[in-house]
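Here it is, the structure, as structure tokens.
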Amino acid sequence: MEKHTKNTAILLMHCPDQKGLVAAVTDFLQNNNGNVLSLDQHVDRQADQFFMRVEWQLDDFAIPKDKIDDFFGTLIGRKFGMKWQLHFSNRTPRMALFVSKMSHCFYDILQRYNSGEWNVEIPLIISNHDNLKYIADPFNIPFHVFPITKENKAEQEAAEIALLRKHEIDFVVLARYMQILSDDFVDQFPNQIINIHHSFLPAFKGARPYHSAYKRGVKIIGATSHYVTADLDEGPIIAQDVASVSHKDDIHDLVRKGKDVEKVVLSQAIWLQLQRKVLPYANRTVVFD
Amino acid sequence: MEKHTKNTAILLMHCPDQKGLVAAVTDFLQNNNGNVLSLDQHVDRQADQFFMRVEWQLDDFAIPKDKIDDFFGTLIGRKFGMKWQLHFSNRTPRMALFVSKMSHCFYDILQRYNSGEWNVEIPLIISNHDNLKYIADPFNIPFHVFPITKENKAEQEAAEIALLRKHEIDFVVLARYMQILSDDFVDQFPNQIINIHHSFLPAFKGARPYHSAYKRGVKIIGATSHYVTADLDEGPIIAQDVASVSHKDDIHDLVRKGKDVEKVVLSQAIWLQLQRKVLPYANRTVVFD
Amino acid sequence: MEKHTKNTAILLMHCPDQKGLVAAVTDFLQNNNGNVLSLDQHVDRQADQFFMRVEWQLDDFAIPKDKIDDFFGTLIGRKFGMKWQLHFSNRTPRMALFVSKMSHCFYDILQRYNSGEWNVEIPLIISNHDNLKYIADPFNIPFHVFPITKENKAEQEAAEIALLRKHEIDFVVLARYMQILSDDFVDQFPNQIINIHHSFLPAFKGARPYHSAYKRGVKIIGATSHYVTADLDEGPIIAQDVASVSHKDDIHDLVRKGKDVEKVVLSQAIWLQLQRKVLPYANRTVVFD
Amino acid sequence: MEKHTKNTAILLMHCPDQKGLVAAVTDFLQNNNGNVLSLDQHVDRQADQFFMRVEWQLDDFAIPKDKIDDFFGTLIGRKFGMKWQLHFSNRTPRMALFVSKMSHCFYDILQRYNSGEWNVEIPLIISNHDNLKYIADPFNIPFHVFPITKENKAEQEAAEIALLRKHEIDFVVLARYMQILSDDFVDQFPNQIINIHHSFLPAFKGARPYHSAYKRGVKIIGATSHYVTADLDEGPIIAQDVASVSHKDDIHDLVRKGKDVEKVVLSQAIWLQLQRKVLPYANRTVVFD
């Protein structure tokens, strides 16, 4: 697959809804010779909030890349009370992977990474076990093992955070990482940690969701990718999907069928994140898909 | 569509798992010249329970219809500690409909009834309002209005039950009936009342599930048909289905999209019930589909 | 449900892609005090075409309703070589229904119409049989029967067209209408006739798709709503959906399961049409959903 | 995951429908102290054919393993004109993988193999390129490269077949293998070669289905796993699944989204094959799932 070498900028923004927001942004781009490639906007009438994602060609854009943020902030952003993010598509996002012992999401991510499906760098993998190290090795991605106990958790997390900072990680993916991150850890990466939960949230929060699903006798199971917040399994949902099950499926079957949903839903969330298409707001997400 | 005039018997049975169950039943049928049309069995290894549904041709069956239950019970059922139900497909099941003000499930059911899709009698409709009476009238189905207040609930339910008994109702369908039936009512119709809940249970139990779904920011909504038990929204699940939603959908959109799922899932449960394909056990169902 | 009384205008437009399109349109609205409620755009890179849907509040809009089309055309549309449609949301679209003998889509549509789910007028129903007249009667919608034979087809279609014109119909819905419209008929309503085909197009075009699906042994069946063109079952697709089937399903089961998909997919297409969210282009559709 | 060490036998059988089939088989098992673990039967009324899958415990079974086939054939099979297969679950099926340059199905299969999700041996991988060899190497599975040209095709296929015979392969999986096998090859492995076709068959047979799907403007794409027959993309379908697409998806997006469907559908077919749950008949399959 071709390398992703678009020379574009992407703005994600939100602010209280008000007149003239789209015109203001599109004028800013048009007046400076920025060709809009795609534009998506959304107004949440209940919250009275405006959301927008716009991507434009940088080739003939009059404002130098390193000044766009300042110009946009001064001319548009602060005027309308916006929060915004500016991304450049020729800067490859840097993602850290956290894994434990289950390999299905891990392989799925590595396959996409390796085949060029995603424009991403994976500078490091972190695990609380060394079980999956042999899978990472052929990809030449450093695999760091941080065993976690009650006693060493704070210390180990500090070391992990240091490593993430050192590698200038943009976001973290918990690919069935079986440890709960401390609030301190989570606070340092607001809406930058993507988890896959093996249930159709908000059903079956917490541990052993397939056992609970079996016990309840549901006919459909699911998986949910979401940003991690201090509130366990309560963060903004990015993507969900489901699979049919029947009385014939015991817990092992639910686990087996669930894995297929988990890996697809997690990779879908990563794809959206890499495309800068997710805008979390309150406890929800706007997904410009 | 052709009338359903199969001359068959259906046995639904369950008991502790043990050797020779299938052979015992199929021998019983074979020895008495009963041609098996379909046979489904299931063993729940966790509960160590055996479940089976078998349908056979009655035309040349050696045991007269009115003695089959006695013969089966004596020769097979009691020997293996079974619970069983015997149904004859040329007896049309009798279903009572409970409705309130929302018409989507109601129309859906009436269309299937009227077009001959289902082999069912609907001797009466019960509602706590008269809003939908005009819809029932062209079908010539008696529409009984029982307004419910805190004060008259026991009395009104007693009248409803009397009516159901008088009409020899086999099962009741709550087609978005917006009253909670009392435990007394429910106890009289164990696993004979089918409800449609407008969420993907066990998520969003109770009132206003679409509001809760909106608030949580889910990306998929669902509907669940289940047998009513004394425990609200906790009865055995018969069928579930889902629909995708996005940040663009406000609560009205969730309600609109949800209705399509509700009506299909409720009618699917009714279809399974009419085919004698559902066997509730503990708080789960075996659906021989 | 509340009546849909938004006072908004909707522009659907497309033209060869070029710089400044979004800015030009949003400036036009902003400069005339039109508050944008929603804006969706799409660029088809392969065809190098730009598509856009924008809806704005008319309350304080400086240009009178009856002049908007002229002003937009002069200031924007012709300048960029656009094709556009202008709609006002307080004008209720007028839809004609064509039916034959199958009632599932018909009921589904009438229920939505009657419950206020859709903002639509249905001034007339046309059928080649009178079988379903009794269903329409309680809704007080005139039901016109035009039996079609080889000999009278041209004449009958002319009468139908006259009726559609007289009632100022915006679009026609073929709700399992079992006649093929002549090219002459179709030509008079370009992209204004919505059909439901009972297969997952382009598989199983033409007659008896469920029989073909059964014969092929597929594990999934589907339905497709599309605009009718002179090329049978080849028009632009608006919506599709599917249902799982198995070896247990005979042709009757496929038909039964398929009906549920058909009615939901057809009603979804009608909903999109009523929202002015479908923009056909070449043999495809842009659906601003 | 635990090793699959059930000591059971599985019989798959089909024959013209007639009375007493189920009783005959279950008596045979019961009389010889074989505890039935699961039994599924199906009657195709149109073809008047009976199908059955039964699995039973071998521990106390009176007939020695190596004589079961003879006893069953003599006492039951030939009497009823059956075709049957006998499998033992403690014999691990042997699967050969054919790949070319695309790795998504390949990784997916290797992950399941490696994590113990499947009870399978993969004695060899065959490819017409060496591109994916480095992926197979860490798993220590011999990777044989057979470049195919028009000139050498017969010769190379003969070598491949020899290798498959030598390794006593039970079935072959084409994991996006981009060569069409000759009729001679296919004839040697009737219903033993599973292919994944990257469309929702029978739509878009042959080459470049995503391009065709894009051109047709479909709203749903799919994938189909099927047994390979001499008739290209026309063999018995084992499993299918779909994914939603929109006007926003260009061909690259269809390919990307399609890959997720392909790998899940192919692995689902392999799972069914390993469980001995698929019974092809005419050009259809009975899937005892």
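Should a chain be cited, it is by its letter among A, B, C and D, assigned in written order, with residues numbered from 1 in that chain.
One rule holds for everything that comes next: a contact is a pair of C-beta atoms (placed from the backbone, for glycine too) under 8 Å apart; a residue touches a chain by one contact, two chains touch by 3 or more.
Since we're looking at a predicted model, the values are computed, not measured.
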Inset, instruction - Check A-D against C-D and say which one is joined by more contacting C-beta pairs. - result: C-D
Legend entry - Chain whose mean Cα position lies farthest from chain D: C
Inset, instruction - Could you grab the centroid distance between chain A and chain D? Build each centroid from C-alpha atoms only and quote it in angstrom. - result: 36
Inset, instruction - Would you mind pulling out the distance in Å between where the CA atoms of chain C average out and where those of chain D do? - result: 42
Legend entry - Overlap residues in chain C, where contacts from two or more other chains coincide: 42, 248, 289
Legend entry - Residue numbers on chain B that touch chain C, as the complex places them: 102-104, 107-108, 110-112, 114-115, 117, 134-135, 137-138, 248, 256, 259-260, 264, 267, 289
Legend entry - Interfacial residue positions of chain A with respect to chain C in the complex: 19-24, 26-27, 29-30, 33, 35-43, 244
Inset, instruction - Within their complex, state which residues of chain D touch chain C. - result: 42, 44-46, 51, 200-204, 215-220, 222, 236-242, 246-248, 250-251, 283-287, 289
